[in-house]
Amino acid sequence: MGLRLYDYVLSGSAYKIRLFLSLLGQEYEGVAVDFYPGEEHKKLAFLAINPAGTLPVLVDGDLTLCDTQAILVYLAAKYDTTESWFPQSDPSLLGRIMQWLAFAGRLTDTVGAARLHDMIGRDLNVEAAREGAHKALRELEAHLTEQGFRNEVFITGKKPTIADIACFPYSALSPDGGIEHDDYPALRKWMVSVRRLPGFIEMPGIHPLHEQHEMAAV
Amino acid sequence: MSRSEAAVNEWYPVAIDELLALGDVQSVTLMEQPLSVIRRENGSVHVQKADGGDCPVCVAYGHVWSSCGKPDHGIFDVPEAAEPGRRMVDCGAVRVKASPLRVVENFLDIAHFPFVHTDILGAEPHTEVEPYKVEIRDTADEVWATKVRFFQPQAAKSADEGQMTDYMYRVPAPCVSILYKTCPPRPGAWDVIALFVRPINEELCDAYAWMALYDDDSAQSDLIQFQQMIFLQDRSVLENQIPRLLPLDPKMEIPTRADTTSVAYRRWLKRRGMTYGAQLVAK
Amino acid sequence: MSIELSSEFVWMPVALAEDLAAGRVMRAVINADSVMDLAIWRSQSGKVHAWDNRCPHRGMRLSFGFVRGERLSCIYHGWQYGEGGACQHIPAHPDMKPPASICARTFDCKEDDGLIWVSPGSESKSDFPMHGGEAIRSISINASVPDIRSCFSILPFPLDVSDNGDETYQVIENSNSCIIIEGSSSHQTRKLIGWFLAVDSIKTMVHLQTSPTASTELKILLSRWAERLRWSAENLGKSAVA
């Protein structure tokens, strides 16, 4: 049995996994879970798979993983034949990747919350969510600015790692939650670099880079 | 007819029927008025204003409909809803920071498919919009666009390669648009995809998608998520149109022949005095 | 010499030139006489443009669009606009020549001294001094230009990776459009230049430059100095209690 991903099309976290699988060129079976409006993730059939009731969930044979960042780590360690997305031989790099994986959780908690409020009217403190989102994006912006001085395009170096994949979705989707990209020039440059990776896929809220369409056609 | 009357005395969706359980009370806002949508233990549905006053209620096409005023007409008829063999799908409400009229107008538009729904509903270089027919049907006072054809790279979940797809559009009420579309598994039949929009205020709305399809194979969650994907691709466009209100002054935005439906829709809104969510004079 | 930011001063700094690559488009909001929403884009050949951020067709923000060659396209229906803002191509009617009436509103835009400048008005344009700065970063600060100026002028910045301790600072220029501080030590002098763009009543974009040349390490320190500047300006008047 191959990889199975319990998925929701509008979830930025589920998109992280779809995106990474696409970048790896890895086939999988997607199972759409009706998160909204059906709230299927709160029902018994799904809770039997993931008692926490969260998406995404990855099943690979006997293994079930329910944490988005953990799924990235697992997929990179098992399926990345280039060993470039999660290189484990360099302790400094490993530490930095893990630091940004944890940071990605803050983006989910803030941008993700603002998005749920603005998109489907979820009742929560959206001002606090947006404030937290800007605080996190300012930290990422400062880091990416410094990376630019070092001529390093991605979060942990010249090559992309799962740190970039973990941070990209909710950075790119922040306008869905009323958090515009106008204040973040380094973030914008980095997002374009991620969008140009071979195998990149979009999700609603992230438009294709249409300038590339013509180049491909010519 | 005053600005408020025309808009106030319409039916708007306030809840999804199936998701309103016995004993539920859901809070919604309709045209700046807070309403409670209630399902009593006996199954009956009620909509109340903050002062306890009752609003009219109608349950149709998977949704609970209500009004802040007194509609002098019943809810529009969707005859396809009664056709046997169709599968009804409630896709949920998505909130959009835009005029409800902009949301309806976008739903009537095909020329954006290659750029906003790239490789799904349209793809370059197949961008041409052939002439089609638009009329205001006087007996029912509805906008209709027929003989609409457009190249679609992935005509449905079941379709593998591109083909010309036929569409019809119908606007039976200012905040409602119904799309009829070629149904790949059943040639000659039309799938029905509707958008029901509830104005929260003039620049903010909830858009409910509802479908009546001939499809016995797809999982319900796949059908819902396909529709949500399409609508969420539109959302970031809709939230970035300036102004947020729909301009009814023809000088404000420049249409071409591909926009014939939208031109008719704007004129029809103006004629009805439906100006809630509209900008009458350029600022 | 002083240049005041007002409708008479027509060139406004919207971005660092290096933050807008060829073939990209960005949004800039500037608070001139009214708040203006602009699409700033750079063609494939490198020319910068500033247009009203609104497609004449359906009002869509052009900053969401895409650049092909020397044209900017709207994301909504792919309408292509070229030199002077004139619509060149409407994909829905590929064989039709768009009428001249379909035209995006354009503003004078130029690239100078490492910055992209926009003239929001149509008055005659005064020239402005060049400082030959090297780009550090643009930073958005939720504070007014006067508040940022008052912090900028008193917050010592690093002249080198390890400072001597004998640095002195002199304000060369301090206006609502630009502030220049010169720092000197026994080893060297270095200028720090801040260009201000008022976005709205509470937000300002500061474009930071320094004298050439600065090492990678020094640029990092100056970028961190900008973070401190932001913290100071945003917390001005709040500090006593905290």
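For clarity, chains are labelled A, B and C in written order, and residue numbers in each chain start from 1.
By definition in this document, a residue touches a chain if its C-beta (ideal position, glycine included) is under 8 Å from a C-beta of that chain, and two chains touch if they have at least 3 such contacts.
Being a predicted model, the structure only gives us computed values, none of them experimental.
Peer 1: Remove chain B from consideration and name each group of chains that's still held together by touch.
Peer 2: one piece
Peer 1: For the pairs A-C and B-C, output the one whose chains share more C-beta pairs in contact.
Peer 2: Result of the comparison of A-C and B-C: B-C.
Peer 1: Report the chain whose mean Cα position is at the greatest distance from that of chain B.
Peer 2: C
Peer 1: From the Cα centroids, identify the chain that ends up most central relative to all protein Cα atoms.
Peer 2: A
Peer 1: Taking the mean of the CA coordinates per chain, how far is chain A from chain B in Å?
Peer 2: Centre separation, chain A to chain B: 31 Å.
Peer 1: Taking each chain's centre as its mean C-alpha position, how far apart are chain A and chain C in Å?
Peer 2: Centre-to-centre distance between chain A and chain C: 30 Å.
Peer 1: Using mean C-alpha positions as chain centres, tell me how far chain B is from chain C in Å, no decimals.
Peer 2: 41
Peer 1: Out of chain A, which residues touch more than one other chain, so two or more?
Peer 2: Within chain A, the residues that touch at least two other chains are 207, 210, 214.
Peer 1: Among the residues of chain B, which ones contact at least 2 other chains?
Peer 2: 115-116, 124-125, 236
Peer 1: Which residues does chain C have that touch at least 2 chains other than itself?
Peer 2: Within chain C, residues 64, 75, 78 contact more than one other chain.
Peer 1: How about chain A: which of its residues touch chain B in the complex?
Peer 2: Its residues touching chain B are 8-10, 32-34, 36-38, 40, 118-121, 175-176, 178, 203-205, 207-208, 210, 213-214, 217.
Peer 1: With touch defined as at the start, can you tell me which chain B residues reach chain A in the complex?
Peer 2: The touching residues are 16, 19, 90-95, 97, 115-116, 118, 124-125, 206, 219-222, 224-226, 228-233, 235-236, 239.
Peer 1: Name, in rising order, each residue of chain B that touches chain C in their complex.
Peer 2: 111-112, 114-116, 124-125, 127-129, 236-237, 240-243, 247, 252-258
Peer 1: Applying the document's contact rule, which stretches of chain A touch chain C when the two form their complex?
Peer 2: Spelled out, the residues of chain A in touch with chain C are 142, 145-146, 149-150, 180, 182-186, 188-189, 192, 207, 209-211, 214.
Peer 1: Can you list the residues on chain C that touch chain B in the complex?
Peer 2: Against chain B, chain C makes touches at 37, 53-54, 56-61, 64, 75-78, 90-94, 96, 101-102.
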